[in-house]
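Look at the two complexes coming up: subunit A is in both, with subunit B in one and subunit C in the other.
Up next is the complex of A and B:
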């Protein structure tokens, strides 16, 4: 009798404690969401909801203003996949991304490792490399537009070094416009990758370099056998970040060539903008944006996955 | 092999060549760095210098220093080019966005860093995805959202979108700062009967001031430089921002290099000053944010 009553007491005590804990947990959850509310509400209303609406929009034809929209199912996508201009934009976008990322990863890594060995002026060089990073993309666009002009700085330099025969209007030539713009975009992101790489290099265990030196390794060997393998996680992160950024490129192209000449610099974002806003085909523009979104999110998920794995 | 060792130069000479080679290496290193620095700096320098040249100088002396420097271009851009007006619009949008962000980001970062709550994993994953959603991809639905809310052509449309899109990134930056604080702080404050809000406001927030400052700087940089949001949302002249004004200028006066350079200078001067003054916050903030985000 006494035993059961104490057991019952213990049980109710246990239940009460659990209930208290839950209540406290519930209170903690409420407080936490109160702290998160402003950010979460804005984020859900103006990022998450539009993202879902984008997918919805791509199943309709709509001019963006009329109160009615016609459901057309997957029509926009079947039109899109038969649209040679879409595929050209896609291909241009890939080329643009590859050129930009290759430049910033390769030249960025070489420059960062040179900077790491420089005994003096490291901060000054970092500041100089970083100046383009803080410029507006419209500034980058304008400055490089001048450089690439027929009477611009690039042609002048080429003449000086005796390469006068390759001079041209770099953005007016369909063969050179895309790589020229990729270089301009790389210029604006270059400093960031140098700074990230430099931070990574300074985190490398110095004894590895000392050991390599004892073994008689030269600078080049140390770069390929110590720096590059040690930096692999950082290189992966920079690679994916630059790629995600480059896929969304809009400003630099819109402010210089608007996708021309003869669509040689058309990328997904500019194509989406033209179809959506300029021609008021919101449904079709949304279908282009959906492909852009899927490409970027895939790259992002891969980057998250790789980073998680590196952190383990 | 044997011949090689016997003809090896004496140790002294070898030390000398090593010294020479090392010095040669250093010279090569600095030559390389200078070339890359020129690549980074010259395009900007060219534009900034051109801003101080009149029309005749732009033609006769396109690559030299302005001689004498004139401010006609700046005056023209500022007054008849309406850049004073664009400047004000840009200031209003950027400052409002910064003020909103320095309230929202620390709150969210604190919640993420110091609290265990139901649904935490889902929230963090959702915000992580938000770090990578491209503005350009959701600009069409955003436009129709702003149209439904009757916010087109108002500063609010741009500010709200800036803050909403930046919120995940800055929440994670603030979270990183809050994570560094010792847990003992909270326990001590709780024992003293401190409320959650006071704990946040009086104990934790003062300790992450550098983080809040970094958030403010980066949010200013991004809103100041952003082109696509004001381009899409703001159509009337009196709310136009500097980057949009410049885009229109490039279309209308494509060859007036002096005027366009003045526009470049007006747009980039504030961020360059901020960057040079607070280098560490920019370098570390952007680099760490990039690596973490």
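Up next is the complex of A and C:
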């Protein structure tokens, strides 16, 4: 009887302790949600809701100011997929993304790796590389517009080094305008890649390099066999950031070429802006924006999936 | 203010009617106003004004606004000055959110302006038009462009014309005469090339719109006022002979290297700088450049001359004119009467019109230029227009009468021709295709009537 009573007492104590834990846990959860709520509310208001509205708008024709919108179903999308300028913008966007991401990931990683080994001046170089990141994008655009002018800095330099025969108006030539702008955009984001990679490299266990040295590895072998594999998660982050940024590029193109010459620098963001804001075709512009969002989301998911699979 | 650039002289007759836009859009018929709003302005308030002029273009207007502001005890004008590129996209979200300005200066014509009107965001200015007597000043042909459903929605601040701007001293040094036929123009251009001018005609191909305005002028020159009217409001097409021939002549200019070796490499700003510095002896542009040029060209301003583009088909030379910025009043503004009063002061009082003219813009309607100190190049531009006005008037800016995609296609096509990747046929065909699409969507300008008082 006593044993039963003791057991029952112990059970009750256990239950009470469990309840207390649960209550404490519930309170913690509530506090966590309370802290999250403001950000969540703002996120829903300014990201999720506009996203749904954008989706909705893509099924209508609307001039941006009229109180009425006409439902057209998937007409905007079918028109979009038959629009040669859309496909040209899409192709340009892909080329732009590839050039920009390749530059900032590959050159950024090599630069960060070199900086990590630099005995001194690391901070100074970091600062120099990072300056364009904090510079207003319109300033970056104007600087590069000046550099690329027929009598600009680039052509003058080329003449000085005996390459006068390749000089041209870089932004006026349909063959060079897009790569030239990709380089300018890469330059403005390059510093961020370097800083992220450098932070990643500094987090790599030094003993791995020591072991590689003992095994007789040279600098190149250490880079490919230690640095790169250890930085894979960081590379994924930089890749994603650069890719999303490149897909969304607007300001540097708008401030320099406005998509020209002959639409050779037209990308989805500039195309969307033209259709929506300058031609008052908001439904069609929304269809371009939705397509851009789907493309970016798909590319991001694919790269994350590839990364997860490689890690497995 | 502009004494060193100007000469006191008469252009044509004592009172020259500058603003006859003989587009023959339509006759005048029905109309009607709402309640009169042209009473004396009353009440306290702030007029938020947005405009998108080029730098220097609105100096005279801005000074006049300050003057009007000082005389109004109960009203203040707050100006938000944006460039021409920012104003249109900023207006859309602002007005649709019910925020926007009380008064704004923007494009006139189909596209975005029509969207504002259709959405009921622009106030019907017909009562002011009638009560203030603006109808006595604005030619019907011009009023129709900013009229929708018999109601007037915008007042143009100026009439603008285009022409071939050239450096007089270069012509004089080389013994060149101002050309009046197409062959003479090509002879002059050849002579300039022979004398070392690598870019005899500045194209500003990177920005596309300046050289596209030249193509537009060549089209108008080839088909004349009737051809333009037929295409805009009738069953004409952009692929008809006149358009084809003139586009081919445009391509020939490029083929002969008259736009220089890299026309696509130069922006409008760079081209105008080269023009003011005498590197480029000719460039096709409009009167809108004059206010800013007085400062930008410095002592070379008086060396700038202008001549009408010779006919590309050995036909008559036409005058050209298009409205400048249109001034709209927000339908929901609580200072609408005050805004209309400001418009009246700016563009319909003798003192203001004279000041605007002296500043380099030509106000709409009859202007007495006998007692006005005009910038010298503006005198020449007006004189050239007067010379050919009896042959008819064509639009100076086709983009002001067509939906946005048409000018986009023109600019893309022009850049393609300059790059050698687009043929003249492809250019006109792509414009026609875009035109058919826009026409089908109901986005083209309707032949309208001027409002009736």
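Note that the second predicted complex is superposed on the first by the 256 of 312 C-alpha atoms of A that agree within 3 Å, B and C clash if a C-alpha of one lies under 4 Å from a C-alpha of the other, contacts with A are read in each partner's own complex, and residues count from 1 in each chain.
Heads up, the rule we're going with is that a contact is a pair of C-beta atoms (placed from the backbone, for glycine too) under 8 Å apart; a residue touches a chain by one contact, two chains touch by 3 or more.
Every value quoted in this text rests on a predicted model; they were computed, and no experiment measured them.
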item	value
Which superposed partner A:53 touches (first subunit B, second subunit C, both, neither)	first
Subunit B versus subunit C as contact partner of A:150, first or second or both or neither	second
Which of subunit B and subunit C A:86 touches, first, second, both or neither	neither
Touching partner for A:280 - first (subunit B), second (subunit C), both, neither	second
Subunit B versus subunit C as contact partner of A:271, first or second or both or neither	neither
First, second, both or neither for A:64, with subunit B first and subunit C second	both
Contacts of A:261 with subunit B and subunit C, given as first, second, both or neither	second
More subunit A residues in contact [subunit B versus subunit C]	B
Set of subunit A residues, in rising order, touched by both subunit B and subunit C	64-65, 273, 277
For the subunit A and subunit B complex, residues of the former touching the latter	25-26, 28-29, 31-33, 35-36, 38-40, 42-43, 45-51, 53-54, 57, 64-65, 107, 111, 114-115, 117-119, 121, 123, 125-139, 141-147, 153, 156, 187, 190-192, 195-196, 199, 219, 234, 237-238, 241, 244, 247-248, 250-251, 254-255, 269, 272-273, 276-277, 282, 285-286, 289-290, 292-293, 296-297, 299-300, 303-304
Subunit A contact footprint on subunit B (complex, rising order)	25-26, 29-30, 32-33, 36-37, 39-44, 46-47, 63, 103-105, 107-108, 110-112, 115-120, 123, 126-145, 147, 160-161, 163-165, 167-168, 171, 196, 200, 221, 224-228, 232, 242-243, 246-247, 250, 257, 260, 264, 267-268, 271-272, 275-276, 279, 282-283, 286-287, 290-291
Complex contact set, residues of subunit A against subunit C	63-67, 149-150, 168-174, 257-258, 260-263, 273-274, 277-280
Of subunit C, residues touching subunit A in the complex	88-89, 92-93, 95-96, 111-112, 115-116, 118-121, 205-208, 262-266, 270, 403-405, 408, 411-412, 415-416, 418-419, 421-422
